[in-house]
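Just dropping this structure here.
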Amino acid sequence: EEPVTVFAAASTTDAMSAVIEAYEAEGIGPVRASFAASSTLAKQLAAGAPGEIYLSANTAWMDWLEDRGGIAAESRMILLSNELVLVIPSDAPAPKSLTDLPAYLGDRRLAMGDPTHVPAGRYAKAALEHLGLWSDLRDKTAFGSDVRVALALVARGEAAAGVVYSTDARVSDAVRIAERFPSDSHPPISYPLALVDGRDRSAARAFYKFLRSPKAAEIFRSHGFRTDRPEPAS
Amino acid sequence: MLEVSIVKRLGDFDLDAEFACETHGVVALFGRSGVGKTTVVNALAGLVRPDSGRIAINGTTLFDSSQGIDVPPERRRIGYVFQEARLFPHYSVRGNLRYGLRRAPRGEGAIDFSHVVELLGLEGLLHRRPRDLSGGERQRVALGRALLANPRVLLMDEPLASLDQPRKDEILPFIERLRDDLQVPIVYVSHAMDEIIRLADTLVLMNAGHVAAAGPVEDLTGRLDLRPLTGRYEAGAALPAAVVGHEREYGLTQLGFAGGVLRVPALDLPIGAQLRVRIRARDVALALRPPEECSILNVFQGTVAEVGEDGGALVDLRLDVGDAPLWARITAKSLAELGLCPGRKVFAMVKAVAVDRHSLGRRAANARFVPAGASLPPDAGSGD
Amino acid sequence: MFALSDLEAEALTLSLQVSIWAVGIGLPAALFVAWLLARREFPGKTLLNGLVHLPLVLPPVVVGYALLLLFGRNGPIGAWLDSAFGLTVAFTWQGAALAAAVMAFPLMVRAIRLSIEAVDTRLESAARTLGAGRAEVFFTVTLPLTAPGILVGAILGFARSLGEFGATITFVSNIPGETRTLPLALYSLVQTPEGEAGALRLAAISVILALAALAGSELLARQLKARVGG
Amino acid sequence: MFALSDLEAEALTLSLQVSIWAVGIGLPAALFVAWLLARREFPGKTLLNGLVHLPLVLPPVVVGYALLLLFGRNGPIGAWLDSAFGLTVAFTWQGAALAAAVMAFPLMVRAIRLSIEAVDTRLESAARTLGAGRAEVFFTVTLPLTAPGILVGAILGFARSLGEFGATITFVSNIPGETRTLPLALYSLVQTPEGEAGALRLAAISVILALAALAGSELLARQLKARVGG
Amino acid sequence: MLEVSIVKRLGDFDLDAEFACETHGVVALFGRSGVGKTTVVNALAGLVRPDSGRIAINGTTLFDSSQGIDVPPERRRIGYVFQEARLFPHYSVRGNLRYGLRRAPRGEGAIDFSHVVELLGLEGLLHRRPRDLSGGERQRVALGRALLANPRVLLMDEPLASLDQPRKDEILPFIERLRDDLQVPIVYVSHAMDEIIRLADTLVLMNAGHVAAAGPVEDLTGRLDLRPLTGRYEAGAALPAAVVGHEREYGLTQLGFAGGVLRVPALDLPIGAQLRVRIRARDVALALRPPEECSILNVFQGTVAEVGEDGGALVDLRLDVGDAPLWARITAKSLAELGLCPGRKVFAMVKAVAVDRHSLGRRAANARFVPAGASLPPDAGSGD
């Protein structure tokens, strides 16, 4: 049987892999996932890629794809949400508070996603602005091309701290979470899900349904995601 | 007919060469280093494109700037033995030899692979790579490669310069045979007058990018005015001759020429065979009376026709011996002591030994010289 | 040394397949273009030369995106390939090979061109006087003497193909069994907790593969050198 | 043609600086390694050869990560550089140049090696009989005759440096004015919806830069060829 | 002293060469194509590493496998003119010439740049690139380049093969001067016996990877048993001689040798100058009574010492003329007709012309030959 193809944001790699495993264990049918940056996936889907389900790490690229008629609009929903955290090397002392961050860094750097295109970077910038820290920190940032690059910089001790998703913080033993950003300090971090337009297969629908099931939600939560619907974007 | 009339500028060097000559037999290009011999030969092969002019061989135009004709090298069927061997480093000797062979038109005049290999002494080398060959071995392979391509015309740019004399002596007859039996016209660049005399029918004398003279070897080598170009050391007469008899008991062959009969070490040629004999001025001694009890076999009676004015220790004299010109080079002292001047009767002495293999060339097969002396009895030279 | 997991074996096989095809289709084209650039004069030569180098200059992701635009299902070339031959390159391993070939192309062209330019034209002239036409001279003289450069081009292209990531993931996505080559699998592993060990194994596999290819090419080069002489 | 925005100008200047330095430090090293590989026999030659090719085989991101491990503040070489010279490469344009140099290294080595191998050793022998020692022969005969290969190595290295993305962003991050080269800026734009126009402009700038460098190198190559003859 | 004793295997070819000879003057390596001449010369230069053996020049060991000595080429100070020119393509002619000059030890015997340029006729070529030179021009530049490096020993591998005769004639005296004035020992590979006779003091005859004989040119060229190697055509006597007088009015010079006085075209040498004269067997004619009214200036009375057994048309005879051996080649027919046999008194006739510039070599400066006939009156040859 032709497997269902899921295009999922790279930041969901391990969680999505676990969900697929659980789904296949139920013997419903095979599923395969292509993990890449949400932007890349959106463009590929617009170019006719064989993905049947799209899980984006931000709303912007889902909007972009929807504008181009790439998704079955009625199937769009927010599947997951995430938390923004400040990570530091495991062996480093923690800053007193988030507002202490500029002093904590000294002349070292704060790693984060590139706010021009990495969603996590955009949220981080919004949060730091909200906290009134951005102007002090702007020149101390080091942008990664994705969250994992930022994470690696912290893990290697190159950057003194980093702003990443709580799900990412779990990836490395070399970092620990020092602070969590208040959820009102940034727009909600949501992962919209949709069926791709024109690929309306029953098998795809079945997996789409499974993704929304409590069983899947439990797996996602075990990987650090939140599955409660956050309030609509401000 | 080989017709060449080309203009080519290379840096500071201007080539403006024009000559036309018969293509049966060998055309020799002779001239000092840097006069443009290689450039002419390259133009013939199509490897250098003249700025303007025309090249035609036997009526086929190979290049004509006014008509826009420029036959590509591979369709000219002109074999070329280069001054540097230019062997293909990625083929064995066998591969090099077979390269032209594979592309050669079959049948008609094609030369046998094993024949060439044997002749050029390449048996032991067939599996070698060119870089494992000595200088002379390389040139032999290059020669074989060009021959096996069965060319219509063969260009040879100083092909024997790096070969030793015994090897030269082996290869020269082969080139002669090519010329005669296979009728392959050859354009031959050489610095060695010996080789030219032996091989060539036509001589093209080059000087500073121009053709100073072109014509039969016999005529040009006899001309006093060309001595600066042909070289003094090499001066002499090149005479058409024919085999008129053999003296088997002594291993001698008699050659009839317009001045009488010349005895030379035996030649394996039938009576009537056409030759060119070169008698160098330096090998001719003069006496006022016939020498007696002397080892010099060839003595011809003649008349002093012209005394060259050289001013040095040596003087060249032209003699008329029968209908043939003969040159003698003697010291000014002897000239004075013998009182030689035009009109004086003299005996010219030519050692049989001096007329050796290097001085004898078989003439192109279609040359037809019947010596006046052919009807004379075998012993009719003027004594010995 | 160690047994490969299914995932590793799949990625390895795919990477090999993709790289071999990338070199297989890229090399002849590179040879032709290198010859054009080395030995011929024609209008647009500079343009061609520039075009060949583009994949080197642009970030791979951009190249991949350009490929997506051109060869995607809706792209001009992709649509034509599809309608004319029923061939889909986007999101297939063929597409991955195409991406790798494009990225490796400038390396192959340059190495080959360098070698062609080092071939003594006097040998080519000699071949022509022996009756070989331009094309024949190319195949019997120029090409064999260019062999070291072709070999270098092939090994550079193969190595580059093995390592190609950005253009591939952008053009053909990261589909297991279809386009998930070693670097893409490596990327996926790096994204997961505890993935580092697996990532290291994949890196080691890549390196071993490349070393084997290199050793093979050195051996071949030695033989070539022995044949052609130095 | 068009006026550059500040961001574009900054990225352009930085890219130029990084690429020139990458070639500047990479080329002499490449020359030495190429000579070693082409003309010397020593234990570990195969290993060195493999090492040189690694950056080609591994995905750039992995190379960047390896650089981070080695040259980072806590890496063995990075710590030494810091304590010995007070030199930090992480997060600086110097680091970007290092990353670019490492990625371009195999290309430079290969092109130069190919050219060295094509140099007629008989000319080197001739030079030695004229009194030149090994080193002198290298600088007066081998090196000048290798010039075409060095030029090709330089241009490949320069182009590769201009396009280098993955290793750079992983190793030195993306810091505007410090490490945000053209490809990094370009990548950001490509990943942004509505970024396409800006991305196109940056791509055009990269291409123009590369074309200019190429044209320059072709000119130089022509002169070299006229000098050395073909 | 040049001491060579080396073993080297190249593919199927085995070189096992051993010889020792004086290094004043010129040592000629002569042998057929492929016998290993270039290999020997390469070993001397340090470009080929023998499998075992020893090479020493004037007491300095350059190579000794048993002692592990192998002086690198650049420290041997051995100039080398290669069989193929090997010019640096990236330097102009001037650059090529200056390459060795810049590295040459200054002072002591160094040769002037402009002198070499003028002598080799390179003025117009200085700005050219090697590929724009003709074959002969290239070889001249290579010669100049090696000379300007001020070498202790100069190796020349067929350096003149691609030069025309006039150019050869210009360069040969220069090589002689190198040898005599600058005392540069020269190892000279050539196929041309002419050049060897003229230049060399010592001859090393090679055959199939071995040294067949080594010794003074005079001795080896006179030996009948070596004829197969030295070549028949070239046979003759090479005799030490000294200038004993000049006949200015006729532009002649008198050379005293052990057999008498030989008149040759004027040489610009002081009385007492040491020479080697080569009298080729083919240039000597014999008579039973002194020739009269004949242009041949040099006639020597002597005795037939030995009659070669050749079986062909030609016979070589060794004569004793005074204390000197002289070879004559005559036809078997003349031998029979004149009834020549050992012990028979004969007159040997040698044309002054035959002893030309090509047959005269200045001997190395430290050669000291005082002819017995030096005290004879200038006209004391046996008539003319």
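Side notes on the structure shown:
By written order: A, B, C, D and E. Residues from 1 in each chain.
As a convention for this text, a contact is a pair of C-beta atoms (placed from the backbone, for glycine too) under 8 Å apart; a residue touches a chain by one contact, two chains touch by 3 or more.
Protein identities per chain, from UniProt: B, E = Molybdenum ABC transporter ATP-binding protein; C, D = Molybdenum transport system permease.
Small disclaimer: the values here were computed from a predicted structure and weren't measured.
Shared contact partners of chain C and chain E, listed by label: B, D. The greatest centre-to-centre gap from chain D, using C-alpha centroids, is found for B. Comparing mean CA positions across the assembly, the chain most remote from chain E is A. Work out the mean CA point of chain A and of chain C, and you get 34 Å between them.
Centres computed as Cα averages put chain B at a distance of 61 Å from chain D. Taking each chain's centre as the average of its CA atoms, chain B and chain C sit 58 Å apart.
Under the contact definition stated at the top, the residues of chain D that touch 2 or more other chains are 61, 184, 187, 190. Residue positions 40 of chain A are each in touch with at least two other chains. For chain E, residues that reach two or more other chains under the stated contact definition are 84. Which chains touch which is summed up as A-C, A-D, B-C, B-E, C-D, D-E. The touching residues of chain E, when paired with chain B in their complex, are 10-12, 31-34, 37-38, 83-84, 124, 128, 132-137, 140, 157-158, 161-167, 191, 193, 231, 233-234, 247, 250-252, 263, 265-266, 282-283, 285-289, 291-297, 312-314, 328-338, 349, 351-354, 356, 358, 384. By the touch criterion stated above, chain A contacts chain C in their complex at residues 5, 7, 10-11, 13-14, 17, 32-36, 40-41, 43-44, 47-51, 148, 170-172. Interface residues of chain D facing chain E in the complex, by the touch rule stated above, are 122-123, 125-134, 136-137, 140-141, 144-145, 147, 227-229.
The part of chain D that touches chain A in the complex is made up of residues 61, 65, 68-69, 72-75, 90-91, 169-170, 173-175, 184, 187-193, 195.
Residues of chain B that touch chain C in their complex: 45-47, 72-74, 76-80, 82, 84, 86, 88-90, 99-100, 103-104, 129-131, 145-146, 149.
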